[in-house]
Amino acid sequence: MTAYKIMFYLFAAMIIVFSILTVTSRRILRAAVFLLFVLISTAGLYFWLDYQFMAGVQLALYAGGIVVLIIFSILLTSHIDQKFSQPHWSKRIMAATAALSGMALCLLLFLQHTFIVGTNPPIKNDMTNIGTQLLSTEHNGFALPFEVISILLLAAMIAAIIIAKKGK
Amino acid sequence: MNLDQFLIMRHELLLIGVVLLLLIAEVFSKSEKKHFMIPFAIILFLLYTIVGFLPAKTGVLFGGMYQTSELVILFKNILNVAVFIILLQSASWLRKDINHERISEFYIILLSSLIGMNFMISAGDFLMFYLGLETATIPLTALAAFDKYKNKSAEAGIKFILSSALSSGILLFGLSILYGTTGSIYFTEVAEKLVASPLLVLGFIFFVSGMSFKISLVPFHFWTADVYEGAPVNVTSFLSVVSKGAAAFIFMVILFTVFKSLSNMWGDVLYLLSILTMTIGNLFAMRQKNMKRFLAFSSIAQAGFILLGIMGASELGMTSVVYFVLVYVFSNLAAFGVVSVISDKTGLESMDDYNGMYRTNPKLSLIMMLALFSLAGIPPVAGFFGKFFLFTSAASKGYYWLVLIAVLNATISLYYYLLVVKAMFINKNDTPIAKFKSTFTDRLALIICVAGIFAIGFASPIYELIRSLSFGF
Amino acid sequence: MNILALFIIIPILTIIGILSTKDHRGTRIVSAIGMGLQLITSVVLIYMFYAERNAGNHADMLFMVDYMWFESLNIHYLVGVDGISVAMIALTSVVTFAGVFASWEVKDLPREFFISLIVLATGVFGFFISLDLFTMFLFYEVAVIPMYLLIGLWGSGPKEYSAMKLTLMLMGGSALLLVGLFGIYFNSAPNGGQLTFNILEISKITIPMEAQRFFFPFTFIGFGILGALFPFHTWSPDGHASAPTAVSMLHAGVLMKLGGYGCFRVAMFLMPGAAHELAWIFIILTAISVVYGAFGAIWQKDLKYINAYSSVSHCGLVLFALLMMNETAMDGAIIQMISHGLMTALFFALIGMIYGRTHTRMINEMGGLMKIMPFLAVCYVIAGLASLGLPGLSGFVAEMTIFVGAFQHPDTFHRVVTILACSSIVVTAVYILRVVGVLLFGPVRNDEFLKLTDAKWFEKVSTVTLILAVAFIGIVPIWLSDLIRLSLKPILDQLSSF
Amino acid sequence: MINFSYTIWILIIPIFMFLLLGLLGMKFKPIISGVLGTIGLGVVMLLSYYAAYQYFFQLPRIDDAYQQILAHNITWLNLSASLQIKMGVFIDPISVMMLVVVSTVSFMVHLYSIGYMKGEKGFQRFYAFLSLFTFSMLGLVVATNIFQMYIFWELVGVSSFLLIGFYYERPSAVAASKKAFIVTRFADLGFLVGILLLSYYTKSFDFLNITGPVGIEVTRNLTQTFLGMSVATWALLLIFMGGAGKSAMFPLHIWLPDAMEGPTPVSALIHAATMVVAGVYLVARLFPLYSFAAPDALTVISYVGGFTSLFAAVIACTQFDIKRVLAFSTLSQIGYMMLALGVSGYGGEKGVGYMASMFHLFTHAMFKALLFLGAGSIIHAVHSNYMNEMGGLRKYLPITHLTFLIACLTIAGLFPLSGFWSKDEILVAAYEHNMLLFWVEYLVAGLTAFYMFRLYFRVFWNKEPHYHHKPHESPLVMTIPLMFLAVASIFTGFLPFSKMITSDRLPFETETNLMVAIPSVAIGLVGILIAFLLYKKDNTRVEKIVKGLGGVYTTIYNKFYIDEVYMFVTKKIIFNLISRPVAWFDRHVVDGFMNGIAGVTVLASRKIKGAQSGQLQHYAFFFVLGAIAFALIFIYLWQ
Amino acid sequence: MERYGIPLEGFLVISTAMFFIGIYGFLVRKNLITMLMSIELILNSVNINFVAFNSYLFPENMQGNFFALIVVAIAAAEASVAIALIINIYRRFSSIEVEDIDEMKY
């Protein structure tokens, strides 16, 4: 049992437990916090995999951005101390059945599948490579998505503004 | 970026230019004189549309992430025309006081969405495809809620974004599986490395579910009706024509190129989906009273017919799909155009309000009738040709029973289209919609649509052109 | 310019003419002129057809025009006529012409009415001249769809229900038909090569037997629905009952003939093997149609229902005779189409005119009309006599030819069904005489009716045109019969090749 | 060689008159229509006489036999390479004879009607229909082939229908016309099927072929049998069915008495003299075929004829409507003719029945027309059909009385009136062939005399009822035909029929068989005597007899309830048990099924509406479930 | 296929679990914001997949990595628009309970 293994299991356990808590917690702010934990644990997994850049983005954008946004909206729209009533049992059972059967199916297929492994030499996952690839217009270069996403973000921003902006 | 690349990416780049121009104009415009944005945007877009028709280069850029062909360019042009008509139709709606503050935003969001679609149908890998898809969808959800003083519009927005998010989540999960099993996100590489395995099928099905959401195929269609009903009419027409058309196109291209080797299976997936879609869509459409909701379900059923074309898995099939989308653009926009005109003038959207409309507004009623006949596939309007070729495509693969079911469904669809015709022409009404004169832009839009409805069917060169650009396997 | 193009162009010009008229009067005059021209054109066509034949042109189809339309699918705009189509076109012209006059006094939205009527007629003309399955199907649907508006807007009674039912059932029929057509198309090049919708080309090849067996029923029933094949005929009574006069005329008179025409021109001509194999099923169905329709008519009280059931019976006879697949019977079948077209149009015209006066179609509410409106009553009697097969009128010629033809099969099955079909002439007499007796003869039951007037001039034009046509065929049938007979040869050759 | 092509005018004139009077009649004064029609018919009559004269006296015979001449024969319709329907004029002894009969009676009726129908509404129409009828009947008579005959046969039926229903405002007339048409139509169905059967085997419709050696050979050699009878027998029996319908043989007789609803001249023309003998004519026309190919059918014919004659005579004794009495008498007499044909052989002496039948047809036409026209004259005078409302008319209607008496004596078969000669030949034929029928015919002869004189005495003698206004003799235009026909009734018996009209067209000699003739006259006299005793004076004897007979009388009076049986079959079985269920079935089952499809669709639409609940999470649930279900299906179930 | 003793399947199990937990949450949570959180779980699980596949199976390039990166960005955009819409809903309906938002149905 190496430290890596322990860390992995720790992150795994955290992710799963906090995920479950996120979707079951009856206080909304707590749910948001649990979500934050899930995202952070995920970032931990990325670190574990040596994907620092990805982990950083995860922390900054996801944990830092989205969760804050969510909490912000919670504050706008909800009473913090309000406790939700449980959803109707039939709904829960139906949803659980669907989710569990889907999960069973997916896991079964994942575990049965023999994955092929890439044969080319691995590329070093450092900032230099990430930077060049991000701006490369060649094969395996991601300049185009990088540019396009800015349009998406611009449009999303305008969209969010016109909706959220209070009218006269 | 040299000129060649510019020419290849002409549509996207020009469109981004248009959006930026609008943004600049918005910044420098006085807040009480926003109206001028309307003609400005329309003319700008018209120019862009015209430029789009000029001969262009085709090719692959960004190491395969972006690709374009004559057919893709043609399809982008079709979308442009559709959007142009929608812009015309939305002019008088935007002119209303309540929308005064948000005119340019409307254009910017709409055109951004179009940019997304252009990237989506030009995508050469799943990342660009997904990115384009989201760029096309996310801003649109805001447009669905554009009438933000209406509960229904707000409801449409939230339903749209949440279900769209769920669907893209599932789609993404499918894509991740595809990536995991093939090791690439590039279409060409995935196609090469594709080996049928249960996991791959799972990924594929998740991908299909996500796409089905965009094209509104049963049982992934439920959002459609609510969103179409709640959204402003012009946004609805954008959703039902442009958005759906683009999604159907790229879906077909991906099936034809990436999943070529799975064609046996996806033929059957589509078989099931199309039966479900046509039937359920029709069954729901039968009972609708709200025109927008009615057209929503009818457009669901139409999507089922499109699948018949895709199932042909051939040049013929691709031609028929593109051709049908072209026909569908004009027919559906004509129908939505009429709904939009009436909704703008009177605020009425229920089928019962249309009773006796022919006596007061004969031209609008006639256009509506032609549009509905075209949707139902009645000659001599173009819809007949569109449907006929779709059925030909399915029949060419021997799906005769499916064709039978489809045509029977077309008969059911005729039933409810005739209900509208009946309302307008036959039903008596003491207080029909008063006679009114529609604005220039509305009329222009409708004239273009009607011309399209008549011309496309008979003009075989259009069909032959598409055919010459199509591919199959 | 090819004469066949006129059959499409004249109606279109007429529609444009109608659109440019200002008032009701102009509308109907333009329609009358347009359809009059159409009638003249069809007479010229007959003349030209005979002239060509006499000049030694023995091609199967004359006046052919072939435009490539959708090249990649090999869809052509291909038209041409043989004697049968010529006869059907003449029928259509006559009935349309009479129909325009029968609807002379349409009050509500006359312009729309005449336009729809002419669109319908255009569809029918197009159908009869088409030699390409695609255009044929296109025109078929063009002909069907205006019915909805025509019945729904200008009809009477439960018009919306009937209009919807009729449209949907016919469209349902076209669903089957479309599958059949696709079946033919995709089997039109069994040995490789270009697929085609061209009827003449397909007839030269042999569609594989399995395909024939599968697609023949689709095609035949698809057309049969329009031809009121039992048990798919129920649109007909309701539809006819609710339709306005001219529409009933055109529909029963011409549109239902599309069914019979399609059955032999497409289903039997292109799939002769299956036609032989499966004929017995359809012979039984059509024999049922014949007798069943006649018995159904006896019990009806509404004039239009009576006539609708009688149409079921008579149209059943058409399909019945076609399936006998010999020269005489098929000749009779086509004469019967024409004959039934004319006399049923006459019937509906008269019923419409009577209804326009009495505002009822229930026979037991009327009586003694002979005294009140002798002209119409006499015409009605003539129509009735034509319907029950009185020599000297067209019905007799048709029925006798059919029976003689059907009797050429000496086996018991054919004999029995033929005799069964023959017996319809008695039942027909029963219901026709019942109507004539109750409606026209006897005392006047409602004194209100005594004030009513006889036919007006335009009504006379309408009925006299039809009566002349009926009598012409009845008295000198040989012209029509020979016109048809010569054109049956390719079809018979095709059928006998199995 | 004599050219008979002018005979076509015999057909053209009446049809022209029909069109003229039918289309333009309303433009003329009534009387002009009548005169025009009569003149036209007069020309036709003269042409017929001329043709008869030429045929019998000028045309050279071949091997002593009268020739069969196709004066005209044009193709009317091509049915197949071998079968054509032709139209033409066929001249042979019986057709010429029928031409004479039809044109004579028709002319008399035309003339008579000028007086009888005077002032009737629709006078022109009447004449138009009369012309149409005459045309059709003449066309039937001269038919060159069986199909032409069928065509005109139908036309005759329609003319009869139109004329019976002449008083169209009278429901009984309408009902009668309908009945006549439908019953005969039913019979014609048999005729048609018979024609089809026959022509299928002989490959021809032409009389020259099918009654010539070839046709007979073909049909005689038909060994194919169906239900124990040869196909030829079937075909000819079916054809006879058609004849029986037109000639009102039992059990298809029911329409004839009702047909008396038509104007009386029509009854005289159509339902006494001409149309009703078409059946006899048809059998005579095909006689060689019957005789050689289907003797069984002939036997059937003889029994049907014999039975009908007895049956009708019995009923005639009880009827009170004078026209109905005459109608049943007609039935009875046609029964005679049929019987004569049925018992006849072919050729020479053996063919005496055939000759007798034709002979009786001829004389019967004269005296029966006379009877009807006389009855018309009576009705014209007293405005009633019922003999109860008549009596003592001899004073008022002297000419009518005299001519009527002559007719009664003729039909009773008293020497030397024409009825005697023709009936005698029939009895001879029956005597030689079938004793049972022979005795039946004796009985019928007595009954005939009885009921005719019952009628005669009731009308012209007996007690005089109270007349609303004094009856008066009919005008000259009506009495001239009476007198002409009376003369004809007296003298036509002397025509040498066996020299002219025989089964093989060869003349032969006949002698009166006194052993047959004398009893028959005696029986006739007995009948007259009984009638004299019962009806000369008003007395109670009749009532006593009626009472004595009880139910038998009622049954006879009600015509053996045959009409009721028919009514039961048509109303109850055809209408209620077939048509009504068919109509119901159509509306509810067939159409119900179609509507059911629509209903199911609507129902399904309503049932599934809940899925679109407006709840986002339900949508999502369906989404997920759909995706998983598709995955399961295509991973595990799909091959 | 193993790294530090942990096979690829370990990641896949985590991601799958997270994915379906997210789905479950989306299906049952009554509050629109919590539904949005479930969406984030779903997207996050997908990212894990991409990254794990990239790292374990195809380290020759960074497709999975970048895909995940872009997904994060898209998720952010999506979340921002969604939140705007939720706020809008809150203004109109005075509630962000998903079950209250059913004006349009059938």
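To keep things simple, chains are lettered A, B, C, D and E as they appear, and every chain counts its residues starting from 1.
In this section, a contact is a pair of C-beta atoms (placed from the backbone, for glycine too) under 8 Å apart; a residue touches a chain by one contact, two chains touch by 3 or more.
Keep in mind the model is a prediction, meaning the values are calculated, not measured.
Path length between subunit A and subunit C in the touching-chain graph (shortest route): 2.
Under the contact definition stated at the top, the chains bordering both subunit C and subunit E are B, D. Relative to subunit D, the most remote chain by averaged C-alpha coordinates is A. Two chain pairs, B-E and B-D, are weighed by contacting C-beta pairs, with B-E ahead. The most centrally placed chain, judged by C-alpha centroids, is C. In whole angstrom, the spacing between the mean C-alpha positions of subunit A and subunit E is 6. Subunit A and subunit D have Cα centroids separated by 102 Å. Each chain gets a centre from the mean of its Cα atoms; for subunit B and subunit C, those two points are 42 Å apart. The geometric centre of subunit D is 96 Å away from that of subunit E, both derived from CA atoms.
In subunit D, 609, 612, 614, 616-617, 620-621, 624-625, 627, 631, 635 are the positions where the chain touches two or more neighbouring chains simultaneously. Residues of subunit E in contact with at least two other chains: 19, 22-23, 26-28, 35-36, 57-58, 63, 66, 70, 74, 77-78, 81, 84-86, 88, 101-106. Contacts with at least two other chains are made by residues 127, 131, 134, 138-139, 141-142, 145, 148, 157-159, 162, 166, 170, 180, 183, 198, 202, 225-226, 287 of subunit B. Chain pairs that touch one another are A-B, A-D, A-E, B-C, B-D, B-E, C-D, D-E.
Put simply, subunit A touches subunit B in their complex at residues 105-106, 109-110, 112-113, 115-116, 118, 136-145, 148-149, 151-152, 154-156, 158-163, 167-168. Considering their complex, residues 165, 168-169, 230-235, 237-238, 292, 295-296, 298-300, 309, 326-328, 331, 368, 370-371, 385, 388-392, 396-397, 400-401, 403-405, 407-408, 410, 418-419, 422-423, 425-426, 429-430, 433-434, 437, 440-444, 476-478, 481-482, 485 of subunit C touch subunit D.
Of all residues in subunit B, only 126-127, 130-131, 134, 138-139, 141-142, 145, 148, 150-152, 154-159, 161-162, 165-166, 168-170, 172-173, 175-177, 179-180, 183-185, 225-226, 229-230, 287, 293 touch subunit E in the complex they form. The part of subunit B that touches subunit C in the complex is made up of residues 316, 319, 373, 378-380, 384, 388-389, 391-392, 395-396, 398, 400, 403-404, 407-408, 410-411, 414-415, 418, 421-422, 425-426, 460, 463-464, 467.
Within the complex formed with subunit B, the subunit C residues making contact are 69-73, 75, 134, 137-139, 141-142, 145, 148-149, 152-153, 159-160, 164, 167-168, 171-172, 174-176, 178-179, 182-183, 185-186, 214, 218.
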